[in-house]
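Can you keep this structure in mind? I'll have questions shortly.
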Amino acid sequence: MSEVGPKELRIVGFLCNWCSYGGADTAGVSRFKQPTDLRIIRVPCSGRVDPLFVVKALLNGADGVLVSGCHPRDCHYSDGNFYARRRLEMLKRLLPFLGIDDKRFHYTWISASEGQRWQQTVTDFTKQIHKLGPLHSGKEAQQ
Amino acid sequence: MRVGVFICHCGSNIAGTVDVARAAAELRKVPGVAFATNYMYTCSEPGQDEIKQAIKRENLDRIVVAACSPRMHELTFRRTIEKAGLNRYFLEMANIREHISWVGLDKEANTIKAIETIKMAVAKVMQNKPLYSSSFKINKRVLVIGGGVAGMQAALDCGDGGLEVVLVEKSPSVGGMMARLDKTFPTIDCSICILGPKMVDVAQHDKIKLYAYSEIEDIKGYVGNYEVKIRKKATYVDWTKCTGCGLCMEKCPSKNSYDYFNFGVAPTKAINIPFPQAIPKKAKIDPDFCRQFTKGKCGVCAKICPTGAINYEMQDEIVTEEVGAIVVASGYGLIDMDKFPEYGGGRYPDVITGIQYERLLNASGPTEGHIVRPSDHTEPKTVVFVSCAGSRDKSLGIPYCSNFCCMYIAKQAILTKDHIPDSQSYVFYMDIRSPGKGYDEFTRRAQEDYGAKYVRGRVSRIYPKGKKLVVVGADTLLGTQVEVEADLVVLATAVTAAPGAAQLAEKLHISYDTFGFYVESHPKLRPVETNTSGVFLAGAAQGPKDIPASVGQGSAAAAKVLALFSKDMLESDPAVAKVNENTCVGCLKCKLTCPFGAIQEKELRGGKIVASVIETVCAGCGVCTSTCPCGAIQLSHFTDNQLLAEVNAICQK
Amino acid sequence: MAEKEYAYYTGCSLEGTAVEYDMSMRQVFKALGVGIIEPEDWSCCGSTPAHTVDRVFAAALAARNLTIIEKMGTGIVTVPCPSCLSVLKRAHLGMTQDESFRNEVNELLDEPYEGGVVPKSTLQVMLEDVGLDAIASKVTHALPGLVVAPYYGCILTRPPEIAQFDDPENPVSMDKILEAVGVKVADYAFKLECCGAAFGVPKRDMVNRLTYRVLSMALEAGANCIAVACPLCQQNLDLRQGQVNSTMGSSFNLPILYFSQIVGLTYGLSPKELGMDKLVVSADDIVRSRITIEELAQREANAKAAEAEAKAAEKLKKAKAKEEDTKTEET
Amino acid sequence: MDTLNLTKSLNLSFIEQVSKESGQNPSLCYQCGNCTAGCPYTHFFDYPVSQIMRLLQTGQRDTILSSKAIWLCATCETCTTRCPCEIDVAMIMDTLRIIARRENKVSEKDVKLFYDSFLNSMKEHGRLFEVGTLLSYNLRSGNFFADADLGPKVLEKGKIHFLPRKIKGRDKVAKIFTRFQEKAKKHG
């Protein structure tokens, strides 16, 4: 989309089935337009997201990774998203040690009814990644 | 491995912004893909036949369907491939509609996105393993939460269908909001006259066990086998002894208790039976107002009670019930009056809510059906109704319509004229929403036959002037400011989620929207189901609803429960965690993190300690898999290999 | 109380038609130990007229003052005039929330504003920083018989996003301060109804009609005085009260005092210092009614004693009557 | 009233201009009339506020810019405070005034003259010179005796200064005026 520049970057999204994947569906049903860079992987729960997945994606060609789960306390699996939060927060702090700007990784909570919020999140995150530019040709990768 | 890829046009829904033929052509080049095609409507019968035939013809062993969201049709296509002889878990769906064709404008970008998304699905399906469900026994009892009209309908239908029902009601009597109404629109029949018999049925039904003045404490388990803890709140009256004679209420000296049933229109006694038709008809003490509790002495009710039922020492009691399904009919709430400082809400006694007015109209209400102003008990001659008090008001965070206010205002305007023939009603409205059967005719009657003056515009403020309330509004049809000097103002306050709705949802693991209303599984096709199997919705807990719609949903939820319980055994979801006992080191970190207590310690013959999953308890979240330091516990269908295959399909350096 | 210093942006009105607001505000702050410093060489905020020209231009006129105040290092500027306050806050919030707006405004200025000033009304400083207890502790005099209708005007609490103070529909800050100094406050429904604002000169009829309602509702509420915190409101209600009477055929004679004047009176400050003589509708009766709190206590004690006496007499009478009753019964 | 030909008179670029300059979205208005209901000036307006909003939604540029209402609004903020759609209505009125002034379409000449007198005083002295402003307004409006009845009252109270209080930095204030005028010229 013109908003984020002509060339697409590679963004991977891990979405929990019950809330955020549903939120992305809701955005679709409501035709909330979004940039096209994101590729979505469905997981049962944000607690299923192994930080290793994120690191692998970033090291192997992704320019940004987005993880989205249910709102805290609204997890389909009681408190899977609490485990997710703890792990992903750790991961965010670790990324700079791998030479990766931590702004390339974002985690958030979006419920199945929040189509508009999903649109906003995708648009903002895509803009942010475009601002940072491609990961693998820039300075970060050489470091 | 021979993967078949079926790309759906979904009419023009997908094909309009994704080049599906090009996508199919691209997919044919992918190693492992033996067949790829595009089809107008893959979910249609011929569409499904095409898949079945292709499986046989092309000897396919894994299938990818690129179409709508798997939340929509995954089950459909699983059945399709199963019929063609494949294990149902050899299916993957690529969501190219909700996530691609509907949200991207650029066809080229969409097509590339679709191709890559389908490639990810192909990568995953090649890692898939066949999974087999086991079956388990179910407990054919049902829990109904909420004893309003929706909950009672669900309970009665389930009970009549032969199921044992546990009905939990938060307040001391069943009946809910409907029990408070005077008449119902558009027929003006008496609310309690049609509801009362249902309430009695609930009390007398041999299949229904009623817990009144009780709340859900905790819920454990899964579809077919729930364990529910119910808090029976202390009433300080032994209900096994109480006969509902009402002597205590008559003699109680604490006359200024807040009357929850009447929304504070008039005070009640500290020990009370909420209303004459209450079910169960038992007394209850409000310790916030009872002198025995506030001052430490009184004891009048204990002395007077003929059966010795009063017990000031009573404590809350927790009971446990086992059920197999749950119907949530926990109702709605109303926005607080103090949200309307410009209307003097809460400050001016003669500015009241619609439900309070309902109690003033009601023959068994505190004024015995005489409409009087709360301030001076005089009869109002000019009554102003303000619709959308909070509804459709983004500044108050309520953008939605409250559904039934337009109708009850018309009803109240009609009843006002009936009660006080020389009265004049004014209704400030923005739009009249009356789409039900006989509804619009009813709002016309209020104007044509009962002379209610409808003013198209919002009210900006209300201020007192002498004994009158000056209502300042606009008539946008005239393009002027208008003022009405009213005796009584009735605000149609916005419908909100019931207090505590979010906490209950969290106990049930069901979703709720931004406003606290529960989210149905599909807005059109699964209106009473939730995403948690075994939990169903009825009534205004899902969104503002009038009586016919609530009753309809109550019956619908009951039908769903009866269908679920028509089998003796349920099939379990095989997408659960599995332990590789060879690589497990027995650290049991998984056991600590499992939200469901589904992991046990197990000693192998050689004395080695490993983790072991109780398959029926595991809900399949995969938290254990991400926790395990050696990858020994894997969530089936979402294993590390499967998810990494998807990552690798798009991230290749 | 620890002495705290504020920048004090007087505003043009307080140098002219509202000089008594300035006089009384300074006296009250002095009594409360609140230090105020007038920014050197401040200029007009631009008020409503500038806002009809251009938003950046209007913000620049206000921001010139913010720049001066920023350099003073007080952090907070307290502003008696709600119109000035609103303009300063708009400029401040606009410039701190929107970078491009800030740059545009700063282009018009000699020295840029960096966003380091918090504008607060004098009312807000009194309520939140000084506190009701401290306000009450300085009271030496009472104004028995005075019933005040507190009139806030439109923009002191509105819109809430800009004002960020008190309730936009039912403000109570002035009520609380007046009650703290022992003044009886009427329940007044027209606290916020617009008085006609700056239209006094070009649209006099319009203003007269609006002020008429504000004045008559105050009487309706049982008030014998209106308290204001805005020079424009005061001017429209006080200076133009005669105009209202002649155009609307009314006969109002309602003193319109700045809240600071009322507070000052209860602090025992001289009417001269508080600029009481500057009011057009005379407030001499109010000044004359002033007594010390000791006198008030004496009066109340006397009244109580009289009441007790009356009660005792009543009781005695009843007892006697009863006695007689029993006597007659016995016989 | 003439039929309003929407095909011809719907001025979309005007709607966009107002949206952009005010930062408000006029489409959010659902015409509930709350602004009109609360507006203290409705009696004096030729179009009540809600109709100004409606005229804006239908892009009726000329009608709006030549209306009296936009000049008689005192920015009391009641409409903004109570709008259920969270539209800053007062900001839209402000913007419409600015556009009308820019395009020299001022229906209420007296109001504008008063504002101009105020600003001229400010440009000249750095602060408002009340007497000067009033005199200048009276002279230019032809309304020679506006508020003349109030003069003696104020005079008696010693509130009037016949000489302006000029501040040292008045040239700096004047510079803001000139810089703005230059900038406005540059941008047409």
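By written order: A, B, C and D. Residues from 1 in each chain.
By our rule, a contact is a pair of C-beta atoms (placed from the backbone, for glycine too) under 8 Å apart; a residue touches a chain by one contact, two chains touch by 3 or more.
Just so it is clear, the model here is predicted, and its values are computed rather than measured.
Contact count check for C-D and B-D (C-beta pairs in contact): higher for C-D.
Here the spacing of chain A and chain B, counted between their Cα centres, is 29 Å. With centres set at the average Cα position, the gap from chain B to chain D is 50 Å. Look at where the CA atoms of chain A average out and do the same for chain D: the two points lie 48 Å apart. None of the residues of chain A touches two or more other chains. Each of residues 169 in chain C touches at least two other chains. Counting partner chains per residue, chain D shows two or more touched chains at residues 43, 78. If touching chains are joined by edges, the resulting network of the protein chains shown has some other shape, matching none of path, cycle, star or complete graph. Here chain A touches chain B in the complex through residues 1, 8, 10, 12, 17-19, 21-22, 24-25, 27-29, 31-36, 39-45, 47-51, 53, 56-57, 59-62, 70, 73-80, 83, 87, 111-114, 119, 136, going by the rule given at the top.
Every residue of chain B that touches chain A in the complex is listed here, in rising order: 69-72, 95, 97-100, 102-106, 109-110, 112-113, 116-117, 120, 502, 505-506, 509, 511-514, 519, 531-532, 575, 593, 595-596, 619-623, 625-627, 635, 638, 640, 643-644, 646-648, 650-653. Interface residues of chain D, counted against chain B in their complex, comprise 28, 30-39, 42-43, 47-48, 50-51, 78, 82-86. Chain B contributes residues 342, 388, 392-396, 430, 456-461, 472-476, 479-482 to its touches with chain D in the complex. Contact residues of chain C toward chain B in the complex are 167, 169-170, 189-190, 217, 220.
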